[in-house]
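Next come the structures, one after another.
Across the two complexes that follow, chain A remains constant while its partner is chain B and subsequently chain C.
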Partner chain A sequence: MLLSIENLCVKYGNIQPLHGITFHVNEGEIVTLIGANGAGKTTILYSIARLPPPEAPRVISGDIVFQGQSILQTTPSDVVKNLHLALSPEGRRIFGNLTVWENLKLATYARAKEADLGKEYDYVFTLFPRLKERRNQRSESLSGGEQQMLAVGRALMTGCKTLLLDEPSMGLAPVLKYELFRKLKQLNEEGMTILLVEQNANLALHLAHRGYVLDTGTIVAAGTSAELLGNPEVKKAYLGG
Partner chain B sequence: MENLVQNIINALQWGSFYALIALGYTLVYGVLTLINFAHGDVFMVGAYIAFFSATFLLTTLGLPGWIALALCIPVTMILTAMVGVTLERIAYRPLRNKGAHRLYVVITALMCGLILEHANLAIFGASRKAFPQLIAEHVYTIGGVTFTNLKIAVIATAFLAFLFLHWMVTRTRVGMAMRAISYDKFAVPLLGIPLDRIIVVTFILGSGFAGLAGLLFAMSYPVLEPYMGALIGWKAFIAAVVGGIGDIRGAFLGGFLLGAVEIMVVAFFPSTFRDLIAFTVLLLILTWKPTGLFGIAKTTKI
Partner chain C sequence: MLRRYSVHLSLATVGGLIVYLAHQEYISLYIMSVLMFMGVNIIMSTSLNLVNGYMGEFSCGHGGFMCVGAYVSSLLGVWLFAGDKVFGAPLLNPKYTLYAFPLLILVGGIAAALAGLLVAIPSYKTRGDYLAIITLASNYIIISVIENIGAIGGSRGFMGMKQLINAMGKSVDLPWMPIWVFLFTVFCIWLMRRYISSTFGKGVIAICQDEVAAEIMSVNTNKIKTITFMVSSGMAGIAGGLFAYILGYVNPGSFNILKSTEVLVMVYLGGMGSLSGSVLSAILFTILLELLRPLQIVKWIVIPLLLIILMQFRPEGIMGNRELGDIFPKLKKFYRFK
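Entry: the complex of A and B
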């Protein structure tokens, strides 16, 4: 087990959005979390990334274990630097005042001592050729889809081995959505572990190996993608019949 | 003509102090959207640190003036930077971590400035301190225009400081991180960047250059008193705002603009008119362009 969330309860001030969440991700897997708006998906990813309050929640009980060690005391920058776990957050959160290339370069902050980062830029640019064309453009002037590619590319540039993605297909046209998902599959085949939060449950379950269904802060269903796709209740609530 | 050149040199020298101090205001504002009202007093502390280290190096150790100066520069910059970092650490960071409203942080900064002033008053008394002469001042006259080696050094230092900071902010990862924080602080740790470390670097840069300004100011106008940072600090802050606070080009230009206005006013009016006219001009500029000369209306800074 690479990542394991154990009976996690968190709070934003007095609001408790998660009520004892337990799930895990194995190395090399794609696992998806699906659930309606406000179910607590983003909250879970923020907790794993150890982001600080008030925008992210604080853990009140339970544990987050990565490679056998609790990471509750780890700082968010050390999560990236030492655990090689990166989050591409909901709403992209790219730095609009920096160019595409500066956004990518900034993501290598913790690896400045590594000599050959050229290969890494090339990798991201082959994955998303659009970014290469626009590398000297201020990133706030990118289209929504391009910004999403940058958000994923930026997470990759941290040198992560585990990738948390929060609604990466938000705002993408269907063609781009399929393209992005193909690229995620390719990344996974090359060894990346992925925890994917997605509104489009159908698409997510077709990509992922396993999934968990979240409802108002509780996990209500779990299983392989095939099981969840065949589960009548999941079908009814999240797959449009 | 000679008169004009003379006034330009004077304006550049006088503006250099504003520019050096304004750079610190603008860096901290750009990163934290905090108006660090203690910054003028950090400049004052810098001048005092320069005074004590210069006196120690010259009198106690009996070093030659130019060696004392060469040592005084890094010592003053490092110690003043430590003062700035200490303020960040004990006053601003706890508030930031508690998510305090910006108003409280600004008030805290004002209080920190007052504490520095009055601690100085309490410890060293109200009497003025005479700054020792580190290097002999040479006066040059070329075609009726006079300038000194010190004036040229002051101007050159301000330009070098600007070029260094500009390079830092545009080309290095730390500078990129500073700009990134000003855009979206929350997302910065997601790239493995320790937020607090970048903020500390910002305070080191701002306070270090305020210390350098303090040393140069004390060398140029060798009388020190605890309130010397107050007015010049306010003016440098205004210069930064007029230039477009958050943008280092703005701070630099704003500093020289204020210097130029003040010198020109004195050239044509009684010197008692100086601040009145200078502030009126700045007010008019702000009315015409409320975000400052380089300011962008959005949150994007530095």
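Entry: the complex of A and C
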């Protein structure tokens, strides 16, 4: 088990969005968390990335274990730097007044001393050739799909081995959505572990190996993608009948 | 080849010309002092732009750091190289003043940077309005501390720096103040440019855009804030030291909130996050202040009015967040400035 969330309860002030969540991610897997708005999906990812309040909630009980060790005391920059765990946040949150290239460069902040970064830029640019064309453009001038690719590319440039993706398909045209998901599959085949949070349950379950269904802070269903796709209740609630 | 060194060449020419003209006394002392204040203002506005423009925080007590730099470098200078009724006879032979002078200014800068550290720590938790209040308060604290130390003159001020200037002139007969102001101004602009174009500097801009996203990208935001605050206030300290030696006299009143506001105006006038904008607006603003000098106190009605008009018609400032090279791409052919 690479990452396991054990009975996690968190609070934002007085509001408790998660009521004892338990799930795990194995190395090399794509695991998806699906659920309606407000189910607590983003909260889980923020908790794993160890963002400080007010963005992320306070953990009141339970544990987040990564490679056998609790990461509750780890700082956000150490999560990226030492655990090689990167989050591509919801709504992209790229740095609009930096160029595409500078956005990618910034992601290498913690490992600027490493010599062999050229290869990794090339890797991101072969994965997303559009970014290469636009490398000297301000990233706020990119289209939504390109911005999403930049958000993923930026996460990759941190040198991560585990990728947390929050709603990567949000606001993308169907063609771009499929293209992005193909890239994610390719990444996974090359060894990346992916935890995917997604509104588009159908698409997510077709990509992922396993999935968990969340409802108002608890896990209501779990299983392999095929099982969940066949589950009548999941079908009814999240897959449109 | 020419392109590579064009900036160095033009800087050397301008610097040499100013020194030559000053030495031959072709330009009057008044114009010379305006030029020197221009240099001080350039350092002040570019350094505040680092925090307010690039990092997107709101610091409005820049005058306080300038005050720390001014007092530390003048007290140290007078203590070491000049006779004074407080400190007694000089500790070192005044003929070394020339070599020690840049160090004196730098020590003032370091002291101001340490003062900046005190403001940086609350900035971990607060942003925006709250940080503005903290910096404002620190400005007041610094001023009132100095006003209440009788030994260094209190609110009457402190003098004796002219002796150092004279000592430098005796060692080598050149107009040293314009030279030092010029060199430090160039140094500060160069430092800012390097700082902002480094990966570290991209982190500063990232904090301005989205602090959380920066944190997700492994950027240690607290470290960046601390260092940026220290660099910015340190540069204000350098400006303060130069200011003190240009005048030959400092009093805490010249670093009060009016000074901080003046610097803020320069930053907003030039454009947030534009280095060349800050330089331009510092130059324009210094000239403007001198032109409006006959109006006396009325100029503090005219200048805010100009600011209001500017905000109405060009809220992003003269340059926005662009640099000179972005507006006139052809210029890039002639220089390469790193």
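One rule holds in what follows: the second predicted complex is superposed on the first by the 241 of 241 C-alpha atoms of A that agree within 3 Å, B and C clash if a C-alpha of one lies under 4 Å from a C-alpha of the other, contacts with A are read in each partner's own complex, and residues count from 1 in each chain.
Basically, contacts are C-beta pairs under 8 Å (C-beta built on N, C-alpha and C of every residue); 3 or more make two chains touch, one makes a residue touch a chain.
Since this is a predicted model, take the numbers as computed values, not measurements.
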Chain B and chain C placed together on chain A: clash or fit? clash
Is A:S77 touching anything from chain B or chain C once the two structures are fitted on A? First, second, both or neither. both
| task | Check the residue A:A86 against both partner chains and state whether it touches chain B (first), chain C (second), both, or neither. | result | both
Between chain B (first) and chain C (second), which, if any, makes contact with A:P53: first, second, both or neither?
first
Quiz item: For A:K183, is the partner it touches chain B (first), chain C (second), both, or none of the two (neither)?
Solution: neither
Should A:T158 be classified as contacting the first partner (chain B), the second (chain C), both, or neither?
-> both
Q: Could you look at A:F95 and tell me whether it touches chain B, chain C, both or neither (first, second, both, neither)?
A: both
Chain A residues contacting chain B in one complex and chain C in the other 49, 51-52, 55, 76-77, 80-81, 86-87, 89, 93-98, 102, 105-112, 154-155, 158
Per the touch rule above, chain A residues touching chain B in the complex are 49, 51-55, 75-78, 80-81, 86-87, 89, 93-98, 102, 105-112, 154-155, 158
The residues of chain B that touch chain A in their complex are 97, 99, 173, 176-177, 179-180, 182-184, 186-187, 189-195, 300
In the complex, chain C touches chain A at residues 199-200, 202-203, 205-206, 208-210, 212-221, 273, 321
Per the touch rule, the chain A residues reaching chain C in their complex are 49, 51-52, 55, 76-77, 80-81, 86-87, 89, 93-98, 102, 105-112, 154-155, 158
